[in-house]
Amino acid sequence: MNHIEQQNIQVGEIANGLPLSIPVYRLKGDGSGKSVYIQANMHGAEVQGNAVIYQLLEQLKMLDLRGDITLVPYANPIGCNQKSGEFTLGRFDPITGVNWNRLYHFNTELVSEFAERSSNLSDEQLRHEFKAALEAEVDTRLNGPAHKLATGKRIALNLQKLAHQADIVLDLHTGPISAKHLYAPEYARDSARYFDIEHVLLIPNEFDGAMDEAAFCPWWQLQEQLAQQGRDFAVPVEAYTVELGSQERIDLDDALEDANSILSYLNYQGVFKDAHYTPKVMQRHACYLKDYVAYYAPMGGMVQYKAKLGEHVKAGDTIAHILRMERYLSEEPLHPVKFNQDAIAILHFASASVNQGTELYKFFTNTFDL
Amino acid sequence: MNHIEQQNIQVGEIANGLPLSIPVYRLKGDGSGKSVYIQANMHGAEVQGNAVIYQLLEQLKMLDLRGDITLVPYANPIGCNQKSGEFTLGRFDPITGVNWNRLYHFNTELVSEFAERSSNLSDEQLRHEFKAALEAEVDTRLNGPAHKLATGKRIALNLQKLAHQADIVLDLHTGPISAKHLYAPEYARDSARYFDIEHVLLIPNEFDGAMDEAAFCPWWQLQEQLAQQGRDFAVPVEAYTVELGSQERIDLDDALEDANSILSYLNYQGVFKDAHYTPKVMQRHACYLKDYVAYYAPMGGMVQYKAKLGEHVKAGDTIAHILRMERYLSEEPLHPVKFNQDAIAILHFASASVNQGTELYKFFTNTFDL
Amino acid sequence: MNHIEQQNIQVGEIANGLPLSIPVYRLKGDGSGKSVYIQANMHGAEVQGNAVIYQLLEQLKMLDLRGDITLVPYANPIGCNQKSGEFTLGRFDPITGVNWNRLYHFNTELVSEFAERSSNLSDEQLRHEFKAALEAEVDTRLNGPAHKLATGKRIALNLQKLAHQADIVLDLHTGPISAKHLYAPEYARDSARYFDIEHVLLIPNEFDGAMDEAAFCPWWQLQEQLAQQGRDFAVPVEAYTVELGSQERIDLDDALEDANSILSYLNYQGVFKDAHYTPKVMQRHACYLKDYVAYYAPMGGMVQYKAKLGEHVKAGDTIAHILRMERYLSEEPLHPVKFNQDAIAILHFASASVNQGTELYKFFTNTFDL
Amino acid sequence: MNHIEQQNIQVGEIANGLPLSIPVYRLKGDGSGKSVYIQANMHGAEVQGNAVIYQLLEQLKMLDLRGDITLVPYANPIGCNQKSGEFTLGRFDPITGVNWNRLYHFNTELVSEFAERSSNLSDEQLRHEFKAALEAEVDTRLNGPAHKLATGKRIALNLQKLAHQADIVLDLHTGPISAKHLYAPEYARDSARYFDIEHVLLIPNEFDGAMDEAAFCPWWQLQEQLAQQGRDFAVPVEAYTVELGSQERIDLDDALEDANSILSYLNYQGVFKDAHYTPKVMQRHACYLKDYVAYYAPMGGMVQYKAKLGEHVKAGDTIAHILRMERYLSEEPLHPVKFNQDAIAILHFASASVNQGTELYKFFTNTFDL
């Protein structure tokens, strides 16, 4: 059985002076395979990833590992303990409103400078040195004056440092009420087939502060800049945001399925010796990020969600009913809400009460088979 | 078709000076039957009652009514618009923490005084005058100096005034994640069988600030005091808290079932002429309030709820698993949680994340057939 | 210099499984004087008490102590770390809305039973055994099944256990925006003069769940029951809620003054040998709890508070202006708000934005010199 | 006396179906001067601007106006009514965390297209048509499908439409605890001297979603693009964010001073005939946005703020003390916090309780006389 090591790293301090720490679990491979970093629960209510890490650990300790594996449950010790009523208010910093998953760091200039001065490096050297440069970039900030780091930035940088050490990065999230789906960088669309996830969002090479982007954008931009120099360099890193379903629940059976899906992908990546994990046969629907459409509530009211998650809706289908009992006599109290495009319903809002303009649904449109 | 009248009553003002109002719908009966008051959504996240009022109105407008019927959806205009993340934070005043459903008024001395000076009244007169006295008591407060009324008290008193005018009062609530259940005063246990609700909580003659208690406690105490005088007086008012299931959702089909359940009870009370509503045949489980047990999380962690709502659990059954990934190596990470009594699981917490001491489940114990 | 011992006691666990602990500082006396328990910051935003404990420790370590002294800053590790925007939302449990300072325990039956069976005890024995009984009562609950204790109850009981071991209990709080004031039990009005606090609220023998009441009500009720038996027994315990001024601020100079005020009281109680602390000469204004009047905002709007805290207002004085810019044209936009009683303004709401019914001010009325 | 017209415009609907509206006050000039748009309270806790609008209206109704003036208090009906404890949680949407003042609209392509096709227009025509184009751009979105507009976007666009109609735009804000300061676009630094505000932040031509930027960036970029064509075109619009001091308070005397400051600026801009408003003589300190430094709490704890707002601190001065009572024995409990640059303290956090990384202070550095 593989040895699992636990390290608790401190990522901040709260007002009564107590340290905020996160548990980091590590398994060593024999060094012949890619290394892996998996984190969960960066958003407080999105807890199912912790159960997936549990199910992963239960199996990883029995496997023959080529690559090192690092797993971080409870990645955000503020977010996962922030309650407001029964709800875990952990999507944004309660003080500033900033989304915890928009605080990772990316310095484009680092890529340009590196691309310029690295023409004499082999691919192997280049991978090694660029990885070191990314880590150093994060370290400089973490080790700089404490008064330059905002709370969420310090948490993000500590996690990003772990992520930059890996070749494969998985950030486990959930939607509010949601079908499973995967954010995959466009260059990794082939690999995305090895997850047991029906809905795949293909995202471009643009940095918006999220963990997956922080892990792959530097490498992808490096590849593009080297291509401009005429050099063919394969992006050696893959990073995904894995959306496991709905928030505010854990389910260990479902977590086992998600763990197997991840193990299938890792097996394909050669992380294990003699492992049996293979992807399920399923139709996989892909959609470009630009075609991922938010549908906002056209009026305030109480919503009955009609379009089932994962369901293919036809243009003109009723996707929800909005009940408005304030105007029972003066208008039709039950409003059908329609969407004028063929689409797959991916997620909807977690509550029946919506303001005009609340994000009601998100849809894949212009989908195609992956 | 019956005429429905809408009146908007002002129950407060918010910080930008805009009025807070609630819609009141009224249907007139021929005066030969009991009058009815039904409200919904006093707690912000508990929205299904609005859908039930919709389904009630759709049918009531077609029925031959003996008694007047008053219906109030969105009873709490602050609570039902108080968002915190996706959640509706409407169980308590966000400023003070006070539960919106603990602010109704009851003056015990009024009962004693009335009982003393009413010995020469007929039952009919007594019902009439005591009802007037209860209304006057509320009016005195509502019409007193504005600076003596806290925000929630003003809302509660406005609703209570409407409730005191009726013979039957239904306050529509939901649990967090919950089976349907009914709070019935012990004296009305026979009537409780006319609702299509399997789980009935029998509550004693103690005032804790809730609407149902505010409606029946004065009458029940009057009955008890008259009994001490040797007079046999039947409590002429019935009041219930109807728990419709889970919060943060509306479902119109389910609301139709709940509307029919309420119409069955009202039909039994003689509110309609020639109506066909009858209760469903079902086993009804009763429990005294003292045997309604809260089970608090024995440790902090992430919960998978195992006991299904409405399910009969046996002493020693595992009701939940608590996952603690902080201590994967140092303790068993998955803790079974057991309850040592035979019980029916009625509701559980809405989130998977719990602190030690969070109310995990509520159980009926020592149940008996109603 | 006296030895200070630190013990961290665990009072709960949060959702990621980490323990909640509070620091307890102890100094030993020579056993010849009363023992003292002082806690601060039970309400999250009320932080000045921590600074007072700092200033107390700085002096206590230099003093010659007769009695043992226990000091607990950060008494509520959930409350003092609960942020919502810039504000510390720590007055009530964010999940349930329950005021953290209404969760202490009091079993009246324990008093009755004890009074009955203790007639043959000397005063000394009685004090000793009743103290032991109060501690045992708390221990039984703390050591009972974990699933019977709600989060806030567990915190409260842990603190109450420490408090029951002492003869003098001080619970350091603040108002929202507030003048300094003291909650003193009516029987201790003479002692209240030894604090440097101008405004003293005299409270009756009624338990409402607060720490001070939990500390003195059992003893006061015991005294009353023994008096009914014809026995004259002096209440041997004093407990106070010390309101240090406004929340959300610390000021170390002010904290030194408050520390000196407390040391003056403790010196009067004989806790020190050869100490020089004496109360300041000042006029002290007292008021019975029944005359402590809440003044609610008579309308929604933006408030400019005019009555200064600690100020004596005359009946009919303007205590605030409420600006309502929604109705600049249709009504006088600037409303003077008046109070029709002579009073001392003790505290006001922390924000300029008020709903109709928000608690605007609290006033001492019918005041008299202490 | 000038006629003041009130219009209430609907900017959304809340969950119970009630409309969200904002009051718009308008005064007509004789058409010979610049038109003015002033709004307040976009962030819920920043209420002082409403009092300034009150003081402006009181004077504007007496003045001889050249330009039209539009004033909007309570610009954000969600934000200014969102309470969490005593605090107004109105800086960001409670559902999404998005800062309400980062949602204004700017389409850079509109500027490029317009610059290209407008070479044959006179300056007068150009101003007229570009203004129309900006309004049309907003209208297109407001009148498009309701399901494409998020809640905050709808509010922002409604306000932006009013702003685009004016030549001068003032967005009245406050800091948390703050000295008065002004955000001025770099091109308007001369005009900034006509406000009675000592601290002026000069901001570049970069759009980050705020109202002031939404008002001036299109015009400034147009100017730059026309300059590239060799055409000299003066930016005809000025827009400022006016930071009035601290949040959660109104003060009518102070508001009168701020109103006079604004009237002084407007008088300089020729908005009035024969008015006497002139700026106060004062030293004005300017700072570029890049030199506006956030200082984050280097550790968690309780803060006593030492650097006074508006105060010039020297490199190495102690700006705060952080008290950490958790570690009274194991480390120095009172930590001095120093800043290593000469600076002016502009604002600090509103609470004494800070996490490591909470924004403690903001400083002007590298300041110069304006």
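For clarity, chains are labelled A, B, C and D in written order, and residue numbers in each chain start from 1.
As a working rule, a residue touches a chain if its C-beta (ideal position, glycine included) is under 8 Å from a C-beta of that chain, and two chains touch if they have at least 3 such contacts.
What you see is a predicted model, and the numbers here were worked out from it, not measured in a lab.
Student: Look at both sides of the chain B and chain C contact and report whether the same residue positions are involved, with over half shared, or different ones.
Tutor: Comparing the two copies, chain B and chain C contact each other through largely the same residue numbers, since over half are shared.
Student: Greatest Cα-centroid separation from chain D: which chain?
Tutor: B
Student: So how far apart, in whole Å, are chain A and chain B when each is placed at the average of its C-alpha atoms?
Tutor: Result: the chain centres lie 42 Å from each other.
Student: Using mean C-alpha positions as chain centres, tell me how far chain B is from chain C in Å, no decimals.
Tutor: Spacing between the chain centres: roughly 35 Å.
Student: What is the distance, in whole Å, between the centres of chain B and chain D, each centre taken as the mean of its C-alpha atoms?
Tutor: The answer is 47 Å.
Student: Where in chain D do residues touch at least two different other chains?
Tutor: Counting only residues that touch two or more other chains, chain D contributes 14-18, 74, 80-81, 83-86, 88, 91, 95, 302, 325-326, 353, 355.
Student: For a test of understanding, state which residues of chain C touch chain A in their complex under the given definition.
Tutor: 14-18, 21, 74, 77, 80-86, 88, 94-95
Student: Would you tell me which residues of chain D are touching chain C in their complex?
Tutor: Listed in rising order, the residues are 4, 6, 23, 25, 44-45, 47, 50-51, 53-54, 57, 73-74, 80-81, 83-89, 91, 176, 248-252, 302-304, 321, 323, 325-326, 328-330, 333-334, 349-353, 355.
Student: How about chain D: which of its residues touch chain A in the complex?
Tutor: Going through chain D, the ones touching chain A are 12-18, 20, 78, 91-93, 95-99, 145-154, 294-302, 324-327, 337, 339, 353-360.
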